[in-house]
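Same chain, two partners: subunit A is paired with subunit B first, then with subunit C.
So, the complex of A and B:
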C-alpha cells in the first residue's frame, strides 16, 4: 500500500461522500474537521515506509505512488507540509459552525485538500502546477454556486491562474536542459523569466492581483478567505521548494533582489490600496496581497532564519484572516453589505463582533501584543540587518494598512450609543472569543506554538545564497 | 514574582468587581474591593523600594535565533518612581470616587481605572523596548475600548480614533528605532541606544504624551473627567515619561539641538501660559501635561535624562491631586499646598533635582525662560485650586474622611519619593533658582491666603483676564488652533481624498473589463523599468 493514497484519496473520497448529504452544513463541518484532524494526526504518527502486521496479515507501506509515470512521494520531511494543509483546512471548516456557507463548501474543500497535498508530493515537481490548477477548478463552484451569476472576480481568478499553467510547464521542459548541466546563461534567463511570470500569475503579484479584491467584494467573505488562504499557502510552499531544488535559482543574488523588490511592492500596494478602500471585504483582499508580499520578503532573505520566518508567518496569517473572515461574514449577514455606507455605526450595535474584526485586522498589520507582531518584527529585523531600506518599505506598507484599519474603525463606530442588537449567535461569540484570545496569546507568548511549528515545517526547502 | 504582585492586585480586583457586578448588580461592596486591591498594589510597590533592583522575564520567545529580545519587567530606581506614581494615582482615584458618587456609582469606571492602572504599571516597568511597545499597545487598545464605549457622536468618535492613531504612530517610531538599531548590528536596549536612534524614541514618546490632539473627547460628566478621565490622561503620559529617564545622555544630534530646544522651550512656555489662563483645572489639564512633559524632555535633550523623572512625577502626583480635587473645603488647603510644594522647585522639594536638568551653565537666556514657566504653572495651580467645587461638608461623614485621605496619599507619596532619593535630595539643587521661585511662591501664597474668600476668587480669576488677555490671548488662541492640529487634519484629509481618487481611478481601470489587457501593459512597463534600472 502506498502512503500517499491515504493522504490524497481519503479526503477526496470523504468529499465525494459528503456531496450526497443534501444540507446539514454543521454535520459536514464536524465530519470534515474530524477527518482532517485525524489525517493530520495520522501523518504525524504513522511511518511512511514500514511493514504493518495485523494478525497474520502483513501490509507493506511505501512512501511512493506511481500514476501514469508520475510519482507522488510522501517523504518523512514532507509530512509537516501535509499536516499544515490539513490543519489550515480543518481550522476553516470549524469556522463554518458559526457562519452560513455554500453547502458545497466542505465537500469541495476536501477536494481542494486532495489536489493541494498531491501538488506538494508530485515528482517531477513542476507537475504541481497542474494540480494547483485542479484545485482552482474545484474552488470555482465554491465561489460561484450553481444557479448564481458568476462574478468578474471569479472569471479573472480562473484566467490568471490558468495563464500560469503554460508558463510553468514550459519552464519545466526548459529546465530538463538546465538540470543536465548543459544550459547556457541565456536559457537560464529565459527559464527564470517564464517561471517568474508563472508565479506572478499564481501569487497574484502586481499587476495580476486584481482578482483578489474583486472576489472578496463579490463573494461570501468566508469562502473567499478560504480560497485565498489555501491558494497562497500552497503556491508559496511550492515556490520555495522549487527554489531550493534548483541551485541556479537559489544561488542567484538577482533572484533574491527581485523577490525583495516584488515583496516590498506587494506590501506597499496592498497597504496603500487598503488605506483608500471603502469596502471591508476588498480591504481583506488587499491585506492578503500585502501578506503574500511579506512571505516573499522572508524568502528574499535567502538564509536559514529567512526560511524559518517564512514558515512561521503562516500561523498568524491563517488565524488573523480566519477571524477577519468570520467577523465579515457575521456583519454581512446582519447588515446586508460590507460597504462603508452600509456598515456605518455597526460597532455600536454589535461591539463584540467589531472588536474581533479590529483585533484580527491589527494582528495582520503587525501591531504589538497580537499574533502577527513577533514574526513581523523578526522579519523587519532580519531585513534591516541586510539593509535598512529593505525594512523601511514594508514598515511603510504596514502603516498604510493601519490607516485603512483606522479608517474602517472610524466608520464602524460612528453614531450614538445604542443597546446591543440581537442577531449574533452563541457559537459566533464563542468562536470570535476563542479567535481573539488565540491572537493575544500567540502575540504575547509565541514560544508556546512557534517552536513546534518550526519543527513541523523544517522540511521547507532551505534557501541560501 | 513579587514584581508582578502590584499588577495582579489591580487587574484581579478589577475583574472581581466586574464579575460580581455582572452576577449581582445590587452588590454594594465593589468599591471596597477596588480600594483594597489598589491599596495592596500601592503598598507592595512602596515595600519593593527596599528590594531594588529586581528583574523578571515574562517569557523567553522562541525560536531564540529569530527573536533577539523577550518581554521582561524591571524594578529599578527609575521604574519604581513611576510605578509608585501610577499605583498612587489608581489608589487616589478609587478613594476620591466617594466624593464623586453623588453623580453616579459606576463599577465599570472603577474597573477601567484599575485595569488601566495595571497596564500602566506594566508599561513603566518595561525592561526593554520590546516590552514597552507591547504594553503600550495593550494600554492603547484598552483606552480605545473605554473611550469608544463612552463617547457619542461622529466628531468625538473620530477624535478618539485620531488619538489612537497618534499613539500607534508613537509605537511605530519605537519599532523603527528597534529596526534601525538592528541595521547597525545592535540589539536595542535602553542601556545601549545607537547614535541617531534615540531621536526616534524621543519622537515616539513625545507623540504618546497624550497632548496630540490637544482636546480629547471626554464627556462633560465629572465621573468621566475626574476619575477615569484622569487615569486616561495621566497614565499614558507616565508610560512615555519613564523611557525619557532611561535614555542615554546624547540622544539628540548636536546639530539639531538648538532647533529642538527652541521647540521644547516654546512648548513649555505656551503650555504654562495656557494652564494659567484656563478656566479650570480640567480644561487646563492638557496644557499642564504639555508644559511639564516639555520640561522633562528638555532635561533629556540637555543630557540629564535622570532629572526628567522629577518633572515626570510632579506631572503625575501634583497634577493628579488637583485634578481629583472635586469636593472642596478651605480645610483641605493644606493638602493642595503640599501639591504646590511638590513641584515648586524649592530646595529639598521633590523637583529640586529637576532644575539640574534645565539649568545651563554658564548662564544663558533660556534659563530666564524657565523662571517664567514655573511661576506660571504655580499661579495656575493655585488659581484653579481656589475655584469653588462641590461642598465637602454636605457629604456623608465617611466620605469626609475617605476623600481627604485619597487626596493626601498623592503628596505623601511624592514626599516618600523625595525621601527615598535622599542621597541626591540633600543637594539643594541650584539654590538661587529654587530660592527665587520659593520666594515668589511664598509671597503669592501668603498674599492669596490672607484675603477673604470672595476677593481671592475675584482677584484670582481677574488678573489673567485683565493683564494677560488683551495681549496674549489672541496669540495663545492662534497657537492653540495651530497645536489643535485641525488644520493638519484638514490638509491630510484633502491629500487622503486626492490620493484616494487617484487610487480608485487606477483600481477602476485595472479591475474593469479591459483589466487583463491593462495588467499585461503594466507588466511590460514594469519589466522595461526594471531593465532600464538594471542597465542604465
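So, the complex of A and C:
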C-alpha cells in the first residue's frame, strides 16, 4: 500500500461521505476532527516504508504513489508538514462546535486538506500550484454560501489565486534550464520575476491583497479565517521549500532583500489599514496580511534561526486567529454586524467574548505574556541584528496594528450599560476560555511548546545565504 | 493547405471568439464562442501532443461550456451591469488595444521562449490578454468564469509546447472543469436556498 493514498484520499473520501449528511454540523465537526487527529497521529507513528503486521496479515507500506507517470512522495521530512496541516484543520473544525457555520464547511474543509497535503507531496513539486488551485476552487462554496448574494471578495479571490497558476507552472519549466546550469542571468531574472508574481498573487502581496479585507467583511468570520489560514500556511511552506531547493534562489542576496522589503511593506500596510478600519472583520483581514509579512520577514533572514522563527510563527498565528474568528462569529450572531456603528458597547454586554477577542488581537500584535510575543521578539531581535532599519518598519506596522486594536477596544467598551446580556452558550464560553488560556500559557511558558514544534517542523527547507 | 495559413486561420478563430466574448453581453453567444475557442486550442495543441491527448482539451472545454450553458438556462435573466463599462465601442477599442499589444509583444516573448513557434505564442497571448480584459470588465460570475477559462486556454496553448505530462494534463483538465463547476455554483448559489 502506498502511504500517500491514506493521507490524500482518506480525508477526501470522508469529506465526500459527509456531503451526504444534510445537517448535523456538530456530528460532522466531531467526525472531521477525529479523522484528522487520527491521521496526524498515524503520520507520527507509522513508518512510511516498512511492512506492518496485523496478526497473520502483513501489509507492505511504500512512501511513493505513482499517478500518471508522476510521483506523490511522503518523505520522512514531509511528515511534520502533513501533521501541521491536519492539526490546523482539526483545530478549526473543533471551533465549529461553538459557532454556526455553512453545512458544507467540514466536508469541503476535508477536501481542502486532501488537495493541500497532495500539494506538499507531489514531485516535481512545482506541480503543487495545480493542487493549490484545486484547494482554492473547493474553498469557493465555503466563501459563497447558498442563498446569499455573491460578494466581490470571493470573485477577486478566485481570479487572483487562478492568475498565480500560469506564472508558477511556467516558472517550473524555465527552472529546468536554470538547474541544468545552462541558464544565463537574463533567464534567471525572468524566472525569478515570474515566480515572484505567482507568489504575489498566491500570498495576497500588495497590490494583490484587496480580496482579503473584502472576503473578511462579506463572509462569516470563522469560514473566512479558515480559508486565510489554510491558504497562507500551505503557500508559505511551498515557497520556503521552493527556495531551499533552488540554489540560485537560496544563495541570492537580492532575493532575501526583496523578501525583506515585501515583508516590511505588508506589515506596514496591514497595520496601517487596520488602524483606520471601522469593521472588525476587515481588521482581522488586515492582520492576516501583516502576519504574512512577518513570515516573509522571517524567511528573509536566510539563517537557521530565521527558518526556525518562520516555522514557530504558525502556532501563535493559528491559535490567535482561531480565537479572533470565534469571537467575531459570536459577536456577529449576537449583534448582527461587525461594523463599529453596530458593535458599539458590545463589550459591556458580553465582556468575556470581548476579553477573548482582545487577547487574540494582542497576541497577534505580539504583546508580552501572550503566545505571539516570544516568536515576534525573536524575529525583531534577529532583524535588528542584521539591520536596525529592517526591524524598524515591522515594529512600526505592529504599532499601527496595536492602535487599531485599542481603537476597537474603545468602541467595544463605550456606553453606560452595566448589565451583562445573555446569548453566549456554554460551549462558546468553554472554547473561548480554552483558547484564551492557551494564548496565556504559551506566552508565559513558551519553552513548554515551542521546542516540540521546532522538532516537528524541522523538515521545513533550510534557507541560507 | 499551407501550415502557416492553417495556423493563422486558427489564430483568427481564437481572436474572433475571444472578441465575441469580450464585446457581446448575451450569455448564449458567449458560451458558444467559448466552445468554438476550444476547437482552436485543440488544433494548436494537436501540433505538439498526440491527437488523443490533445482531444482532452476539446472535451474538457466543451464539457465546461456545457456545464455553464445548462446552469445558465436554469437561471432567471441576469441583471445588467451598471457600474462597469458596458458600451460595445469601449469594449471593442479595449480589445483592439489588447490585440495590438499582443501583436507587438509576441516577437519579444518569442525570443524568451525559443522552443515555441511565433503563432503559438500569438495564439496563447491573445487568449491570455482577452481573458484578462474580460476579468477587468466584469464581476458577474458567468462572465468571470468565461474570462478565467479563456485565460487558462491561452496559457495551455503555450504550456503544451513545453510540457507533455499526463499528470499535468489531468490536473489542468481538473482545474478547468473545477472552474466551470464552481463558476456554475457561483451563478446558482444566491437563488439556491429558495429551491431547497
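What to note about this one:
What we mean here is this: the second predicted complex is superposed on the first by the 461 of 465 C-alpha atoms of A that agree within 3 Å, B and C clash if a C-alpha of one lies under 4 Å from a C-alpha of the other, contacts with A are read in each partner's own complex, and residues count from 1 in each chain.
As a convention for this text, a residue touches a chain if its C-beta (ideal position, glycine included) is under 8 Å from a C-beta of that chain, and two chains touch if they have at least 3 such contacts.
Everything numeric in this text was worked out from a predicted model, so none of it was measured.
Within the superposed three-chain model, A:387 lies in touch with subunit B and out of touch with subunit C [touch as defined at top]. Contacts of A:169 after superposition: subunit C is touched, whereas subunit B is not reached. By the document's definition of touching, of the two partners only subunit C reaches A:144; subunit B does not. When the shared chain is aligned, subunit B and subunit C each come close enough to touch A:159. Applying the stated contact rule after C-alpha superposition, one finds that A:70 touches subunit C and leaves subunit B untouched. Counted by residues of subunit A touched, the larger count belongs to B, out of subunit B and subunit C.
In the superposed model, A:134 makes contact with subunit C only, not with subunit B.
Looking at subunit A, you'll find residues 152, 159 touch subunit B in one structure and subunit C in the other.
Listed in rising order, the residues of subunit B touching subunit A in the complex are 58-63, 65-68, 71, 130, 133-134, 136-138, 141, 145, 148-149, 152-154, 157-158, 160-161, 164-165, 168, 171-172, 175-176, 178-180, 182-183, 185, 496, 499-500, 503-504, 507, 510-511, 515-516, 518-519, 522-523, 526, 530.
For subunit A in complex with subunit C, the residues that touch the partner chain are 67-70, 127, 130-131, 133-134, 137-138, 140-141, 144-150, 152, 154-155, 158-159, 162-163, 165-166, 169-170, 173, 190.
On the subunit A side of its complex with subunit B, the touching residues are 152, 156, 159-160, 200, 206-208, 210, 213-214, 258, 261, 272-273, 276, 305, 308-309, 312, 347, 351, 355, 362, 367-370, 373-375, 377-378, 380-382, 384-385, 387-388, 391, 395, 399, 402, 406, 409-410, 413-417, 443-447, 450-451, 454. Residue ranges of subunit C in contact with subunit A, taken from their complex: 112, 128, 135, 139, 141, 144, 148, 151-152, 155, 158-159, 162-163, 165-168, 170-172, 174-175, 178-179, 181-182, 185-186, 189-194, 196.
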